[in-house]
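What follows is chain A paired twice: with chain B in the first complex and chain C in the second.
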Partner chain A sequence: MNVREAHPPVAEAGRAARPRAWARGRWSGERLFPYVMVAPATLILLLFTIYPTLFNLNASLRDVTVYNFTSGAHRFIGTRNYEALGRSAEFWGATGATLLYVVASVGFGFLIAFGLALALQHTPGLRALVSPFLLVPLMATPAVVALAWNQMLVSELGVVNYLLGLVGLPAPPWLGTAPWPLVTVVLIDVWQHVPFMFFVLLAGLTVLPDEPFEAAAIDGAGTWDSFRYLTLPLLQPVILVTLIFRTMNAFTSFDVIYVLTGGAPGTGTEILNLFLYRKAFKGFEFGQAGAVAVAMVLITGLIGLVLIRLMSREDAERD
Partner chain B sequence: MASPGASMRRSSRQRWLTAASWLIAAACVGNVFPIYWMAATSLKSEADIHTYPPKFIFPITLDNYAQLFGQANFLQPFENSLAVAVGSTVGSVVLGSMAAYALGRFKVGGRLFPMWILAMRMFPPIVLALPIFFLISGAGLLNSRLALTAVYLMLNLPFVIWLMRGFFMEIPLALEEAAWIDGCSRWQAMVQVVLPLARPGLAVTSIFVFIASWNEFLLAAVLTGPETRTAPVAAAQFSGEYGILWGPMMAAGTVIVLPMLAAAMLVQRYIVRGLALGAVKG
Partner chain C sequence: MPERNRVLSRRAFVGRVLVFGGAGAALLGACSPPAPAAPSKPAETKPVESKPAAPAEAAKPVETKPAAPAQAGKAARLDMILFDGGWTPSLKIMLDAYKAEQGVEVVWDNPPLSGFYQKQLSLMLAKERKPDIISSNDTILSQYAGSGLIEPLDEMLANKSLAGDDYAWDEFAEQTRKAASWSKELGQQGQVYGLPFELATWGYFYRTDLIDRPPETFDEYVEISKKFTRSLNPSSPTPFGATAHAKQLPPQYKEWYAWMWSYGGELFDEKLNPTFNSDRAVTSLADFYGLLLNHKAMPPDTATYSDTEKSAAFQNEVVPHVMHWAHQASVYLDKEKSPKIADKVKYTMVPGMKGADGKLTRVPYAQQWMLGVNPNSQNKPEAFKFIAWLTSPKGMRAWVEAGWNSPPRPSALNDAGFKAKHPSFAITEEAIKIGRYGPGYLKEYAQIADSKLLPALSQVMAGSQTPKQALDSVADEAREILKSADY
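Then we have the complex of A and B:
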């Protein structure tokens, strides 16, 4: 797999294609061809971009609940939903839990994944042996993963605490008192997503050029030095993309927490996704839910913007 | 004899190697254990499930599976999952590849369009749940497989476009130009020249979106009813009068996960490649 080298010819092909493709257009049908090809997907994506955005924005500015939704008797109340959200301890609790959850699972998972990728960097045989194992969490249905872990963590009968007991470790109340449930959902998220970061980082590591490392070895640089001054800076773009992709992905977590704890204890594991779900589908406070949705789009949009800037900078460097 | 410095370096290197092998071994066991334990639990009798210490060796029984497909009628949600996943995979791969081809070859929409597609991949689906719920219920399609298929198709599109754009851009333009000169139309050149070359890419993409649709939970939980619920939703609802029915529930989880894992193992090389491309490729 050669992620880097695949690019330059592509860019050239694209540049060359346009004038020739346009000049050749004997029939206007040929000119329309690319637009006809993009149209169906674009229309579907537009529908599912514009409608939800308008819906959430509109709902967030109205006092709409399940009682007045069909009658349409809800009023425009300006930013009152947002103000209520700003005063709501639950909202800030969920925001805090989200931050903790995302930072802990991305950070912890990254360290493990990077360690594994470095350990397997120069051993293709071992890598081939390990890869199938790592695919298991990645491909497993998250809702089912939650059920499986639930079985293993049941307090009186759980196999995890039994195994911990065998090696003399204490048995934490994984799904019991705070803050353990949050720790548990973080660990499961780490378990499920280390492989993703591992495979991406490994792909980045295997395409690093050999020459700088050979030169450094000749100059007597140790393992740590060549890691610190060569691997890290050379791999930086891949590390950034991995971290941001994973961060965005962690922000979308829902299934495991919903199935495993449902936000419990109290709202101890209620990240923003679950908070929004509760507002919308249990409390039927559509106005509040709309405001949360708008806030979440803004947050993810901000992070997404950073990602896009980073990736297009890389693109520009390659061109 | 080696100098003290060299032997120290070697012993620290050895320590590194030992640590690395332990890390790797732990990673392997830890990655499969929960799925193994679920499958093992699904083969235990109810008494064995509720024993402490947990049993690693036990008489195997298929009672839980009999209950799952008999009394609990799990075949229906399984069939729903299959229908929705197949439908949305075919739809999104066809429509997404068409768009990806135009984006990769003709640069329709400039830089902005690919960025929009990327942004679409990033938003938490929960933000869409309520609007889509009302959109679908307004169309009178709540509790239908069709609606869920359409929603999954949409959710898959950005990923298909993103991945396939990369694959199409790797195919040399000269091949199509030759076809155009031989009198092929744009469409013919794409179908007869480009698509056969893009087959590995199409396979990777299809596998990914199929698994994504198969695994989806949130929107399935929101948009389906008792007859149309998908397998993961049905599995999560497996509790009886006296609490969770672990046996049938673990059997349901095994039935959902094992076919996907088996398929993933067969095509693991492609999956690893797709992962790296999907994330790294700009």
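Then we have the complex of A and C:
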């Protein structure tokens, strides 16, 4: 070590002790570091989520159609697209169909998945046997699911009605007259998504602590009491997460219904996604389609908010 | 360290609102759909007294755009988008042949029909340079042309170094050429936007062991359908008498048009007033869908039937007859594809209706698919050269020899050798003379038909609206669309 290294000049020592002004202030390296770290993710988010969202929001305030899209000759029309949507019976019909579809498929699917998870909770052998079969619908492509079910449900040639006939049951018009097509698409959605809920709920059930159940058993609690006062409250966070994911997922349904019914009969199975598709790619009214998309974001956001608040309240109560 | 005072002064608050508001507005502006480079009026179409009646003299194009590069360059690769259809096997052979002959590889993106329209439209709206070759049919061509999404071809068509010496555009039937052209001024001679490669018309297929004589009129068709419906006639060999494409896709209205036009109905009158709801149009729909709603002569889930289910019903002896594309003959007469019916199927022209004078009017729907050029392509001449090669008389013959069964060129349809191989050519040749296309001269037609007419027809099929209610509603909506387009 030379003398200079061992005894730096006073001025240099002062500089080392006192960081530069920029480094001391608002843009110090320490402060910048987190921003640098999140910058790539933020850029990607901006590019693929925020930009399209704002683009869509802007389009919803304009009279954009296929005829003026590339020329840019569209005008700002304020909330007129939203007003038209509010007056549209088709939009409210699609909203009603969507809510019915989501509530029925999530609710019905949850009951089956939860029941199945409870039944298989303490039977690992049976669980190992059933699980691979449950994975099949989960891994199937929605369009393929729709085509396969279509072949099975078609009235005169489908295997489902054939089997029903063998046991003397009447063959419902699965894809015929209302309300059967809506029932059918709900049942297919349930078939495809029960496994997801089943696996999540089963994972939640298997990690529940044993002690409260043992204590309850000593105190004489029955199966129903243990379920009502222990299993349900302890599993509630898992249940809520499952319902949030599944509800949001059900709102994004499109492929199966599009391939299976195309929204028919009439507009009986035309949920909001199909309505949006019709506005955008059959009606070429991109402005109005943008308004539908914004309305969908609001509806799903509202529902998501309610579910998340339920979960937060539950967390607060538990704390 | 003193805690920073977090209460904002009024000035600071206003300042921040302005800054953040301005930033938000700027961001929203930046996310706007493409804006015009200069103030311009959107392409409008003026109303005229009559429908476009003048045949498109496409050999003498007007309104030609400024010159495209006249000579093909040396692109070794072209990209094309066209859905996966009946042409797939034979078209692949042709693409290989073009590569061998010209050294140019045409890479074909062939999505399924269900996702084709939105994929192609998205690419075109995004002004993508690829694909070089795009496709359209008689229904959507005017929409693409009216939106500047497809390149006019007249100049390249007139250039023999690109089109070839023997392209023979005038060989195509007048209707075919008109359906490949569009003008923003109704009734005016249009520019050519697509070169036709497919012409499909409807035919009537029936089981000869069940039906002695094919129906001449739709009244007879209804009676035959009732006769072969088991709920109406317990001794019927088939459970149902008829079926239809009633899923919300274009063939749904195309099938109805054959009824509607034969009954004397029209979609628009000469002044472009929608006449979907005329008495004749309403009656035709009531008779057609009455087969399900009143007589239960169609399978109960017909409302969700596409061509696939309709064909399956005929092939599996669920119904004794079917109206379908004439080129389906190659499927129904094939013992491997249709083992139950292949040896007892015949086909002829679709039924019609007799007028007061006793004259029979049959109006099969005609449809054509065309290949066109992407206006943003960097290889326009090369792209044109390929589609001209493919649709030229020589190219079309080679394509038919490779297995293609719906050529639009009369020289291929009339060829005795081809007719022997493809008996449906006789139907197409006849139907081309009397068949009709949709009103493709109207750029809003696809919008009206696909987004308004289809759901309305489906409402009728579902029994939730009467034909009159549904068609009244379509007529009102069509009027509104045309009004907002300043017709």
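The criterion applied here is as follows: the second predicted complex is superposed on the first by the 260 of 319 C-alpha atoms of A that agree within 3 Å, B and C clash if a C-alpha of one lies under 4 Å from a C-alpha of the other, contacts with A are read in each partner's own complex, and residues count from 1 in each chain.
Keep in mind that, in the parts below, a residue touches a chain if its C-beta (ideal position, glycine included) is under 8 Å from a C-beta of that chain, and two chains touch if they have at least 3 such contacts.
All values derive from a computational prediction rather than experimental measurement.
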| Taking the superposition as given, does A:Leu126 touch the first partner, chain B, the second, chain C, both, or neither? | first
| message | A:Phe286 in the overlay: touching chain B, chain C, both, or neither? Say first, second, both or neither. | response | both
| Once the shared chain is lined up, is A:Leu187 touching chain B (first), chain C (second), both, or neither of them? | neither
| field | Superposition-derived comparison: chain B or chain C, residues of chain A touched | value | B
| Partner chain(s) touched by A:Trp174 [first = chain B, second = chain C, both, neither] | second
| Of the two partner chains, chain B (first) and chain C (second), which one does A:Leu157 touch, if any: first, second, both, or neither? | both
| said: For A:Phe55, using the defined touch cut-off, is the partner it touches chain B, chain C, both, or neither? Pick first, second, both or neither. | reply: both
| said: By the touch definition at the top of the document, which applies to A:Val66: first (chain B), second (chain C), both, or neither? | reply: second
| So, does A:Val259 touch the first partner chain B, the second partner chain C, both, or neither? | both
| query | Intersection of chain A residues contacting chain B with those contacting chain C? | reply | 51, 55, 59, 143, 150, 156-157, 258-259, 277, 280-281, 286
| remark: chain C partner, complex, touching residues on chain A are 51, 54-55, 57-59, 62, 64, 66-74, 90, 143, 150, 153-157, 173-178, 181, 258-268, 270, 277-286
| Tell me, which parts of chain C touch chain A in their complex? | 27-37, 40-43, 114, 117-118, 121, 125, 127, 143, 146-149, 239-240, 246-249, 299-304, 309, 312-313, 316, 318, 443, 446-447, 450-452, 454-455, 458-459, 461-465, 485
| task | Can you check the complex and tell me which residues of chain A touch chain B? | result | 1, 3, 6, 9-10, 13-14, 16-18, 20-21, 24, 30, 33-35, 37-38, 40-42, 44-45, 47-49, 51-52, 55-56, 59, 112, 115-116, 119-120, 126, 130-152, 156-159, 162, 191, 194-196, 199-200, 202-204, 238, 241-242, 245, 248, 251-252, 254-255, 258-259, 273, 276-277, 280-281, 286, 289-290, 293, 296-297, 300-301, 303-304, 307-308, 311-312, 314-315, 318
| note | Residue set of chain B touching chain A in the complex reads 20, 23-24, 27-28, 30-32, 34-35, 37-38, 41, 49-54, 95-96, 98-99, 101-109, 111, 113, 115-120, 122-132, 134-135, 153-154, 157-158, 161, 166, 169-170, 172-173, 177, 180, 185-187, 211, 214-215, 217-218, 222, 232-233, 235-236, 244, 246, 249-250, 252-253, 256-257, 260-261, 264-265, 268, 271-273, 275-277, 279-282
